[in-house]
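In what comes next, chain A is part of two complexes: it sits with chain B in the first one and with chain C in the second one.
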Partner chain A sequence: MTARPEAEPGRDGAAAGRSDEPLVSIRGLKTYYTDSSILSSQPPVQAVDGVDLDVYEGETVGLVGESGCGKTTLGRTLLGLEDATAGTVEASGRDVTDLSRAERREWQENAGMVFQDPEESLNDRMTVGEIVREPLDAHDWPTLTVAVEGDARDRSVEGDAVPAGADGTPDLTVGVDADGSADVAVRDRLPLDADEVDVTVDADAVRVDLLVDERAVREGRVTDLLERVGLNEEHFYRYPHQFSGGQRQRVGIARALALEPDFLVLDEPTSALDVSVQARIINLLDDLQAELGLTYLFITHDLSVVRHIADRVAVMYLGSIVESGPTREVYADPGHPYTVSLLSAIPGSGSPWDGERVTLRGAPPSPRDPPSGCPFATRCPAKIRPDDWSFPEATWRALDALRVLFRTRARAETPTATRAKQLLGMSVDDESLTDAARDVLDAADLPPDARAVVDDAVDDASHGDDRAAAARMREAFGSRCDEEFPAPETGGRGRARTNRCLRREAEYDGARETVERRQHETDGTGG
Partner chain B sequence: MSRISDGRGADPTADSARDPDPVRDRETDGDPLLAVRDLRTVFRTERETIHAVDGVSFDIYEGETVGLVGESGSGKSVTARSILGLVDEPGSIDGGSIRFRGDDLTDGLWREHRGDISIVFQDPSGSLNPVYTVGNQIREALKIHQGLRGSAARERAVELLEAVGIPDAPRRVSEYPHQLSGGMQQRAVIAVALACDPDLLVCDEPTTALDVTIQAQILDLLADLQREEGLAILFITHDMGVIEEATDRVNVIYAGEVVERAPTAELFDAPAHPYTRALLESIPGRSGPGERLPTIEGEVPTPTEPATHCRFAPRCPHAAPDCERVHPEPVAVGSASADHTAACLLHDDEFDIEAGAAYGGGDAPDAAGADDAGGRE
Partner chain C sequence: MAHEERTSGSTVLPTGAPGAVWVALGVGLFALEAGAFANFVVGFLADVLATLSAPGVGALAAVERAAASVPTLLSRETIPNAGYWNGRRWVDTFLGLRPGVAWALRVALVYAYAFAVAGWAVLGYRLYRREYRTAAWTPRDDVVDRFRSHGWGVFGLVVVFMFVVMAVFAPALGPTTVDKNMRNSYSNEISYWNAETEQVDTTLVGDANLASQSSGDTDRVLPGQYDDFGRYHPFGTLPTGRDLFTFLAVGSRISLVIGVLSVGLSASIATSLALAAAYYKGRADLGMVLLSDAIMAMPQLLLLIMLTTVLDDTWIDGVYSGGFVLALIFAGTGWTYMWRSVRGPALQVSERQWIDAAKSFGQKPSVVMRRHILPYITGYLLVYGSMTLGGAIIAIAGLSFLGLGVAPPTPEWGRAVNLGQDYVTTGSWHVSLIPGILITLVVTGFNALGDGVRDAIDPQSDSASGAAAGRGGGA
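Moving on, here comes the complex of A and B:
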């Protein structure tokens, strides 16, 4: 897809602090799921279908969208838990979609995930202590990275330790005095005392031996983690089922933090919790971010939570990010019709929306068969109308509904009897089709040429060719929205707002005013 | 917050302001469609007795939507199942009455009123039988409750699917549940519920499993059905936003007890019970972005003992020694006409409990700004 930005080998640890280089940079990312069974010839599920997004150090990006929009798949792809079909995810100067096993492990130490349902994501046969310790064991933590200072800088590192890389703080810093004795400093947050390692320095090597049991260091780490998430040592030997939902989610967070990641993907971390418990978990996440300098990708369907916690928001629909930008700006002035619809659907006075409720019709199309052009076009309340026709809003809605009906039918599993009829060219299911068509024709007096199109489409469908019917409707009544899906203005680079709606162009009215105007039109005509 | 004395207008004395009957009649003529009084549903196990529903009372009149809101474990779903007569072993209704059109259902009259009350559960896929078509399931209900068969039943099934906004109903009626999306499944469940031609629809978290745009569709649908059919709805949810959007009156339930009852608008303008207030404040979006969310410490207790005290006291920022030994009864608060009660000693003039100081301390700013009148009047 896009050209990879210059790789920056050996990024300078000190300068990495507040650089304008994104921590994670997603370009043209696609993740498709293919059914590999012999019997099925289903097209792949296009769960993530071309996503561009930058995430900067220390910020929280809220990823919102409804179920099935691909937000969880996006999060999992970032962590290497799903294989990307195309595109890149740049982090620490490498593409994390294309890593060797060892590199992937390293990336997964840097990036953790908290799952929605703490009940299902924790193994009920392990104690809480074991659950939190598991990633430490799996990654053989601590690696004991050693930076050697002063004259001894060139000497190699031996024993239980490895030389520190360019990134991050080394676990141990060894200074060698003039007399050849070693001076050892242990970094903060590593539950190890300087006298628990034995450091010997000879002419060309620094040898580090751990004097305590590795497991003891890990248990110390687990105790620290439990404390940090608001649990305590006595919880160590308990099992998840002995905990409440909120406590289990704390365990999940402690586990995700075990390997000291910089980046956490939080997948609906509070959706299964009661609101009073949710508030405490959100506050905890806030605290942890401030203390540990974490970067969050916060995935949720709850727009109120996003408004509270996210610096920036990305709104996802059917595999694509349709709008993104600083949360405050997007909520105050949403640019994409889907964002308008989502915000207006939040019930109650706590809603950030002060306008009218926009109720979307229908459900999102199947990600196996996304519409061409804009993915939201089939439900869009602000869809651009073609210039060739001038119908009242109620007629447009009826025409849209009829077209969606054909599309849905084309995708539906067809009963064998119906399929047999189709093959024989016999008409199928006349009754419901004529009903649907009559609704359209009743909605307004269509001019004869438009009526002819509808009649032909119904005829196609009544002979079982719903796809042709939908195509015919699209041909006649479609617009730019059915052809084009504009790329994000910035290519997804940076923190600026993006809006993948054609209405961003100067010649069109904005999404919100269009939605509101049309709503009044249909209200006026009793539609 | 107006206090109880000025709240009742005519008679300012505390005694007369006390509410003798926990549920007053509304300012309407006629009897309630459903009157729940002092309902007690318990679950007895070898280890303990859980008082899941512990003295709940409320009314539902024809054509209105009454909300029952609370966190998980508060007893709201058990209340719903009790009304439908669906409490299974080891649970049982231990006391109180559930009068539907005057008949006490707890006298074993559920069969007589079968079909008058329908329920819609949270999970639509669990409510539909996967091996029967949607139409089959609607026709089954039509046969049992309305005696419709054959083509009459088939036509009615299509009508019902159309009524709940399922497009292409004549085709969908012969589809199986898995062929419908989640929102469409929930519409189908509502269609099955309507096939009984009920007077009361109990909706137990009907939109919780749905996305927000689909939730909006279902809420619109329920409002339309209510307008067209004059249905009464008992709406059970943990979502305060949905309560505000969908209900006329609301009962807040905590650990098996209704702690506050009010017309919906009034509850949101002037919540009186400390639990209601804390619950409202902890919702993200009601405080400013970036601010710390006010929280309620502790967990909802499982009521294993009869209530001899306020069950919210251990978590309550106002709790006083009296709260540990006196069981608070609902008392009238708010404006006289409002039918607004709170079961809290703060509002009970027999007790002298200061409010303001503790409340809003710590990390809970008193957003409601309502409780400025501490102490005895």
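Moving on, here comes the complex of A and C:
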């Protein structure tokens, strides 16, 4: 999949020692979706549920996880497309989740987004030129910034320009000689010649007049952008219909780059493309990053792409980042059982996992009703077992499956007929329940006290009280994993590795060893 | 590249400078009717100034006279059809032709002129598309091409076009004028050949009308006949003896104006609300649903009757013979249906990712609505607009038939049907039948146009021609 032969995890020294201040710093970010309907009051969807992450200038952070884990919502929240429920996203000294409309537009000028599906993200009633030019029009680009060099006078700026701020390169640098004549230099990336602006400098003012049409400057910029992403000028007047998926995605990238942002959120930019095209787009993104010094948050579910492009990786599960760290380290030695299972699923020799593929049981829990404790506990192949019981692995799995069943049933809408039966105290058991219970009871000889718990729980569930059944099971067979979800070691600060699995503690075996051991155990017992 | 093609000769016009030729053609066509246009503009300004009672009316009157003196090809002055037989030949008609022939010539010229202008516009579009537009292809090209091959839609377009031409050129099309024949019939005199005394006599138009009534089996002037005063009636006469064709031509104007005004108003209300609902969703959308449901729940006809009674004799009722009030009422009650129709597509489009993309770089809500949602719903607006326009024409006619709506002296199609309904079973069958057929034809035309536009926009819905093509292939 990767075009470069050296498919080593992570890129050497790409991130090391570039900057110590994070460009974007996410703390305790939560994004919940509430149904705004008056009539129904469902619990909110907790799409992003407490995320801490730092993104440093010039690096690529890969955000991976299965569909529905909230990674896209996280990216959208950063750009202000969703409102954050709690937490902060700090960028250049301000919290971008809490900005006025004008400030938010300013932030959106500095951050761009490339969307997943290039069929969907381009308005096909507009030409490619119009599409790429739209951000420029929206922000009235260019707002020429002027810096005066040569003497220390404070000058006001008049005409078509504003004074340059403290950070960033000014668009125009005016050098003042001793005799008062001005010498104008235009920033490299601006499609403007020095003789296209008229600059007059006097003792206390600089006057800048744009001699060319603003539209011409913008079209020059669009042409530059199209060339930069591998298209050319003649594509300006074509419509998205006339392009292939890869070319459309190039247009999407050009649009995201139009306002010269520092930070790009790439939301699965290659997952809708052919494999051969994917590599080319990845390489383009890589080149652009090197040329323009961009910072990427690369959202994907494709771990082999992440290994190729990301300096650091953050693994997300059900709204939380469960593990993060430098890509190479995480791939070489995954610390969280979820990461282990993801890595084991990379096909072919690319997988750093040499054992059998770790298949997770069941579907992820609903983000409306995440489990207490560790969100991954319901499916975890390395879940810590309580000391009170000692069952074979197959029995634990059957017990876990039964608990998942109770939780799922508790969440499901109850049909009216069933509810009526419940009220009358009649049995509402159905096949899935009795089957699952039989599985547990058949799996091994449960000691009588454990058997009693299971029988009671099944009895609760068959009378419709699945919640009580789940609670009963949890009380008897639950472990630390059902109660605790440890915070990241560093609070999400910095580039160091974090792992939110309790198995990081010295008293437990590591996740990877545990998964391997349990795989062998179940193989041995024929499970 | 485009420049080279331009200089090496055009495929549309065989000349080196097709644009210049096209402009010259346009100027030529305009010159033929420049006087009428100047008349219209000056007259319109004078009306506006008069209603606002602003100064300058006097100065405008001079300009009006000057404008009236500009010769126009397609006026009743240039090709007159009103004349009399003096025993040997026709006097005062165009080239001494029979009045019917002179009238037919003028009508033919008017329609030839209108189709020439339409052809000129089509030529301009093709010229622009092939020679001057930078983009070689746009999505709209496909829509236009699909519409061109849609027979039913083209039929609708032609009918609608002819109806619009009738409305625009109404004063020039009628064999006589509303003022002479209806409003001030007793202030106008005509000469005619008195067969009994064998000499040219004069009489008042009103008296002539009384003698040319169509009110039964014997007293009638059928379509295409001359009355006793040498006047030609292409559609026959009304039971009052007035000319039916003049009545209908002028009546088409009021139908069109009320229809376009009401549909335009409801389309703009519906569009802005649908865009806002699609963009903001949630509460805003719910509020609009409730509002439109409330308006839909009101009985439109009763509301109309109530409002026409309440507003009777107010200044607003006087504007355009009450047509303005009608348009407002139609728009106020009709936008809900159109809003309902475009809200769905607008909501659908608002879920597309390019909306998010626009939001992600901080595009303003108004621009997102206009640039990223509106183009996708204009097709629906055209379809529902043209169909609603047909509905409005029926509604106006229906109201006049009931004796409501447009105030009596102003010609209106529905009233013509009403006036003739007592004579439907008699020899004066034409009084109700002809306006009835015209209403049906025009409304069918608008619906056909809507169908064609819909199929052109959305090829998937084009089941009819697809099936026909399939049959053709099988045979």
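We take it that the second predicted complex is superposed on the first by the 498 of 527 C-alpha atoms of A that agree within 3 Å, B and C clash if a C-alpha of one lies under 4 Å from a C-alpha of the other, contacts with A are read in each partner's own complex, and residues count from 1 in each chain.
Heads up, the rule we're going with is that a residue touches a chain if its C-beta (ideal position, glycine included) is under 8 Å from a C-beta of that chain, and two chains touch if they have at least 3 such contacts.
The shown structure was predicted, so the numbers you read here are calculated from the model rather than taken from an experiment.
Participant: So, A:301: does it touch chain B (first), chain C (second), both, or neither?
Facilitator: Only chain B; A:301 stays clear of chain C.
Participant: Which chain, chain B or chain C, ends up touching more residues of chain A in the combined arrangement?
Facilitator: After superposition, B is the partner touching more of chain A.
Participant: Touching A:125, do we find chain B (first), chain C (second), both, or neither?
Facilitator: second
Participant: Once the shared chain is lined up, is A:276 touching chain B (first), chain C (second), both, or neither of them?
Facilitator: A:276: touches chain B, not chain C.
Participant: Look at A:341 in the shared chain and tell me whether it touches chain B only, chain C only, both, or neither; answer first, second, both or neither.
Facilitator: first
Participant: Of the two partner chains, chain B (first) and chain C (second), which one does A:259 touch, if any: first, second, both, or neither?
Facilitator: Only chain C is touched by A:259; chain B is not.
Participant: May I ask you to decide whether A:409 touches chain B, chain C, both, or neither, giving the answer as first, second, both or neither?
Facilitator: first
Participant: Where does A:139 make contact in the superposed view: on chain B (first), on chain C (second), on both, or on neither?
Facilitator: A:139 sits against chain C, while chain B stays out of touch.
Participant: Residues on chain A in contact with chain B in one complex and with chain C in the other?
Facilitator: none
Participant: In their shared complex, at which residues does chain C touch chain A?
Facilitator: Going through chain C, the ones touching chain A are 134-139, 282-283, 352-354, 356-364, 367, 371-372, 375-376.
Participant: Name, in rising order, each residue of chain B that touches chain A in their complex.
Facilitator: Of all residues in chain B, those touching chain A are 71-72, 167-171, 174-175, 179, 181-184, 211-217, 219-220, 238-246, 268, 278-279, 282-287, 289-290, 292-296, 299-300.
Participant: Taking the complex as given, what residues does chain A use to touch chain C?
Facilitator: The touching residues are 36, 76, 79-81, 104-105, 108-109, 112-113, 115-117, 120-127, 134-135, 138-139, 236-239, 241-242, 252, 255-256, 258-259.
Participant: In their shared complex, at which residues does chain A touch chain B?
Facilitator: It is residues 66-67, 244-246, 274-280, 282-283, 286, 301-305, 307-309, 327-328, 341-342, 345-352, 357, 359-360, 362-363, 401, 404-405, 408-409, 412-413, 415, 429, 431-432, 435-436 of chain A that touch chain B.
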